[in-house]
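Two complexes follow with chain A in common, the first pairing it with chain B and the second with chain C.
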Partner chain A sequence: MFEARLVQSVILKKVLEAIKDLLTEATFECSDCGIQLQAMDNAHVSLVSLNLRSDGFDKYRCDRNLSMGMSVPCMSKILRCASSEDTVTLRAWDNPDTIVFVFESPNRDKISEYEMKLINLDQEHLGIPETLYSCVVKMPSQEFARICRDLSQFGDAMTIACSKEGIKFSAAGDYGTANVKLAQTAETENQEEAVVVEMKEPVKLTFSCRYLNSFVKATPLCAQVQLSMSAEVPLVCEYQIGEIGHIRYYLAPKIDDEEEN
Partner chain B sequence: MVLDSLDAYIEILSGYIYDDDKLVTYKWLSKELEIHVNITKQVLWEFWQRYRKEKDLEATFMLIGYLEDGEMRIEVVKESHLEGAKEKFTKLISEHLYSLQKTLPDLELLAMVDDGDCQYSAIKCKEAVIRSDDELLKLRWGTQWQKVKQIDSDNKDKKQVAGKIESKAAEKTNIFDKKGPAGKKSLKTQKGAFNNFFNKVDHQQVSVNSTSPKVTEKTEEKKDGVNNVGNNKTSKLAKSPPTESKNEISNAFNSFFGKTTGVSSKESDSEYAKNAVTGMEVDSSPKKESPSMKKDSSMTDSMIENNKNITNSKKPTKTNKSTSKSRGKKRQRSGGTHSAENKRKRITVISDSSEDEEESQEEEKFEEDIVPEEVPSPAKTTAPSPPLVKREQGKRKIRKILDKTFEDEDGYLVTKKVSEYVSCSDEEKEVTEIEKPKTVVHPKNSKNTKQTSIMTFFKKS
Partner chain C sequence: MCGRTACTLDAETLKCVCGYKDATGRYRKAEWQSRENAGRDYQLSYNIAPTDVIACVVAGEHFDTEQERVLYPMIWGMIPPYHKGDYRKHNLSTHNCRVEGMRSSKLYSTPLNKGFRCVVVCTGYFEWEKTKEPKQPYFFHAPQREGVNLTEIHKDSSKWTEKNGWEGVQLLKLAGIFNAWKSDDGHIIYSCTIITMEANKVVSWMHKRCPAILQTEDDVSAWLDFKRVPLSDAVQLLRGPTEDTLKWYPVGTAVNNSRYKDEDCIQPIKLKEKKESGAAGLMASWLNSSSQTASKRRSTDDVEGGERTGKSEVKRAKKDQRG
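Moving on, here comes the complex of A and B:
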């Protein structure tokens, strides 16, 4: 039997908001350690990796490892039925074909149960190599969201260049060009507002704005976002999910066409 | 012809004539309607039959036939002069409507009508090409241009492209433009100028109206038309088929050209035409030296005088002694009037070749004897107009001047510049080359970058 209880259902709601733009179906791997999800978007350009540790849950029980294929839009609908204050409990039997979402109001006078059919999904688990990134930038997630939104108006692609001074976002298109530079902030400042660049060597990569705009849907989860980049490897865009876990987005860079040919 | 399409054509034609005030020649109409010239002739005829009584409609006819002396003649006449014109012919080969229009004060106005399209022409042979401005110039202003060309070709042979000469040529051309009222430019480019020309010279016509059949097309088809204008303007002027003057002229020409061209002087009357024509053609032979040019002009002047005396023409005598006038006259004689221009231009090449052979032959002799003197007026070597291009059986063909070598009847090797339609494979490629849209994964991307897949970085575990 599998049972996971989370007092703050709002976290789960936000997680679903953060992945529903990219994914339509996803397999939730439930184990003793917690719930993990890894899925690519349909175009196989980005990858979402979600990790919710078992100790982050208020109550967690997983007798057997389960792989539950779920429709993300359906799950999102169900989670929308929960109030922010509700407590959510996920419950499934061994070898399940359904999963039950139980929402309890804070004073327990309202209990809602939603049962969702599971779907069979092909397992497409990718091994993500451990990488030491050339640049790791921590910055306010809202700032990042804002930059992505602004620059996507100028071009389909955004170039992120990272140097000692800071991080530069630029986009070029038919209307013109846009450049946003963020300098490293002093350490004394508020940590949530800090821009911290840990750099081994400068990096300049180009990414599709469309995917970045999907990633920043995770902004409500965390005040800070961490961008990890190395030349010619995917960008990692990581948001912490409270004390429970994290969600990581991997985005393949755009490369010059000539090089490819 | 399908009847309703005929009606449609007639409606369109009516629009051209009455709404747009156009002078509709059958050639132009064939181009506009994209139908064969013979059909346009029928359309014009049908239209004329229907509306000649009701509306203002003036027609011109084209007559082709043989004269009493066996010479061939092509003529465009107004309806009012049709009968009179027909009487001149002993045998009429062809008679059809040339053009329809509301009013036609001057027959020459027809020359301003746009050309037809050889695609719809009834004449289909490789010689039937519209001459370039350059060629026309050469024909019309033989000596000077020919000389220049000769020199130029000499230079070319030595691989010395004479930029100097060319620049000189340009200058000279300008000078000529100033000198001659008619200018040295071609009909096509200077229609306006040509009109001036006609206004000025129609009083000093020399009625050269016949040619030998061989060179038929070269002579002016519209001499009568010109005369008609004269009639209109000086109403008292009688129709003047000045046979006497012909003789005079031909004799004059004979005496003049006999020596230089080496064309054996034949009996005058039938021969005159030949000479009259060669007058212009021989002109173009390089033999002509500048003194002879002078002679020529003086001769023409005297001819004009003769003509006047003999025909007792009542035309007001204007000052026509200047070289420019005589040049104008010569030009008129050789160039002819314009409405016939297309036809003439097409066919001339045949007759030309024989002439050219003679010419080139003579050229050779000439070159032996005389060292080519400094040319006063080198001509432009390049055609002013872009190369003519036509489509034939789907292939693009371009008109090029090619050097062709052949043996003439005397066994001389003659190299001649011949303009031919050559299929141009290079340009063909240009046309057919269609840019294939590149297969880019993200075509929107302006930076020409390609989105990679995450799968290339993370392998399935």
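Moving on, here comes the complex of A and C:
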């Protein structure tokens, strides 16, 4: 049997908000180590990798490995029925057809159960190659979300250029251009506000704003976001999920049509 | 416009497909006629361009036969009757004829008034989407019964019976005009043109013009029946295609070269989604590049791939033996 309990259901609610723009269905792999999800969006341009470690849960039991295909919109609907203070428990039998979500109010006077049908999905095990990145930037996640939102008004694509001075975001479109530069912050005590660039080589890559704007839906999960970039490999956009795990988004850079052929 | 077609049936099969129901309600095959025609006979082809030979159906009355319908291979591109010399060198673009002006056209009104109406039969025609760079060819064809493979060669007349007629691949039937031209040494050559009209909303995304497709058997009969259906009525048969009467898919650019005749001319291809395709490809190759799980998968694919090559080698060997 599989059972996982989180005192703060709000974490799971935020995780669902963070993936539901990109994924319509996904396989949740449950094992001793925790819950993992890896899936690509329909266009196969971006990849979501979610990892929730078993030790991050308040109670976790997984007798045998399970792959559960779930409808993301459906799961999101169910989690919206939970109050933020509720405790959530996920429960499934071995070889399950359904998964049960149990929400308990803090003083346990209200218990709601939602049972969701699982779906059969083709399992695609995606191997994510170990990659050494030329630039790793840590910056406030809200700042990143705001830049993505602002720049997407100017163009479909956004260029991220990283050098030792800092990081520059730019977009160009029919109306004009937009440029936002962030300098590295001097050593500050407030780590949440810090902009830190670790650079081996300068990098300049262009990405679709639409996807970035889906990624920043994870902003409520973490005050900082980490962007890892190298030429000609996908960007990694990583948010820590409290003490329990992380969500990583991978996005292939845009390439010129000429190079495509 | 309609400047390229494909016809993947041999003459015997074409006779079946172009058959008709006689007065007793039985199906009859069309009669194949081809006289000298400057030595240009019909050949099935994946890529037929103007000046090549295309198969035309005409009323039997034109060729002194009791059969109602005759198949006659004709040069695509009408040779002007006044032309002298080499029939290939009239330097006029006459493979299409605009429906709007054909009745006042010097070249086309004469044969039209004589009732020289024909139906050009083909597996389909090609048209190029010019908004893309390079321009993207599409193959337009008739809707097919389930199980019919459009891309293969059809040399099988067993799908024809007197009772039910033809039950195999469906062809496009394009309205055309033909004419006979007499060379200096007295040889008669038949040539034809395909009538085009303004594209309706089904096909206008592709091109402003489209060929006049005869969409029902009744339309075909009436178009051919020059004795009983006057031109003014026949012209009313020329209507734009509907989504039920015309289908299409993109093909590779190999067909662009009119001398390239291989089968991949009409092989469907998958178009890349324009914007994200490069990105998706990069993502895929990156994910496949290292990692154990990925390489495991790749090797199973390789095994399958290996088997496949194995089979095709066998095939090739057999072919060689036959050759």
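One rule holds in what follows: the second predicted complex is superposed on the first by the 260 of 261 C-alpha atoms of A that agree within 3 Å, B and C clash if a C-alpha of one lies under 4 Å from a C-alpha of the other, contacts with A are read in each partner's own complex, and residues count from 1 in each chain.
Please note the rule applied: contacts are C-beta pairs under 8 Å (C-beta built on N, C-alpha and C of every residue); 3 or more make two chains touch, one makes a residue touch a chain.
Predicted, not measured: the structure shown is a model, and the values here were computed from it.
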{"item": "Fit or clash - chain C, chain B, common chain A", "value": "clash"}
{"item": "Partner chain(s) touched by A:Glu130 [first = chain B, second = chain C, both, neither]", "value": "second"}
{"item": "Which superposed partner A:Asp109 touches (first chain B, second chain C, both, neither)", "value": "neither"}
{"item": "Contacts of A:Ala172 with chain B and chain C, given as first, second, both or neither", "value": "first"}
{"item": "Contacts of A:Asp94 with chain B and chain C, given as first, second, both or neither", "value": "neither"}
{"item": "Touched partner set for A:Glu187, first chain B, second chain C, both or neither", "value": "neither"}
{"item": "First (chain B), second (chain C), both or neither touched by A:Tyr250", "value": "both"}
{"item": "First, second, both or neither for A:Gly155, with chain B first and chain C second", "value": "first"}
{"item": "Chain B versus chain C as contact partner of A:Asp122, first or second or both or neither", "value": "neither"}
{"item": "When the two complexes are fitted on chain A, the stretch of chain C hitting chain B, from 76-84, 130-138 or 166-174", "value": "130-138"}
{"item": "On chain A, positions contacted by chain B and by chain C", "value": "40, 43-47, 125-129, 156, 208, 233-234, 250-257, 260"}
{"item": "Residues of chain A that touch chain C when the two form their complex", "value": "40, 43-47, 125-130, 156, 208, 232-234, 250-257, 259-260"}
{"item": "Chain A partner contacts - residues on chain B that touch it in the complex", "value": "440, 442, 444-461"}
{"item": "Parts of chain A lying in touch with chain B, wherever the complex brings them together", "value": "40, 43-47, 124-129, 155-157, 172-174, 206, 208, 233-234, 250-258, 260"}
{"item": "Of chain C, residues touching chain A in the complex", "value": "272-284, 286-295, 297"}
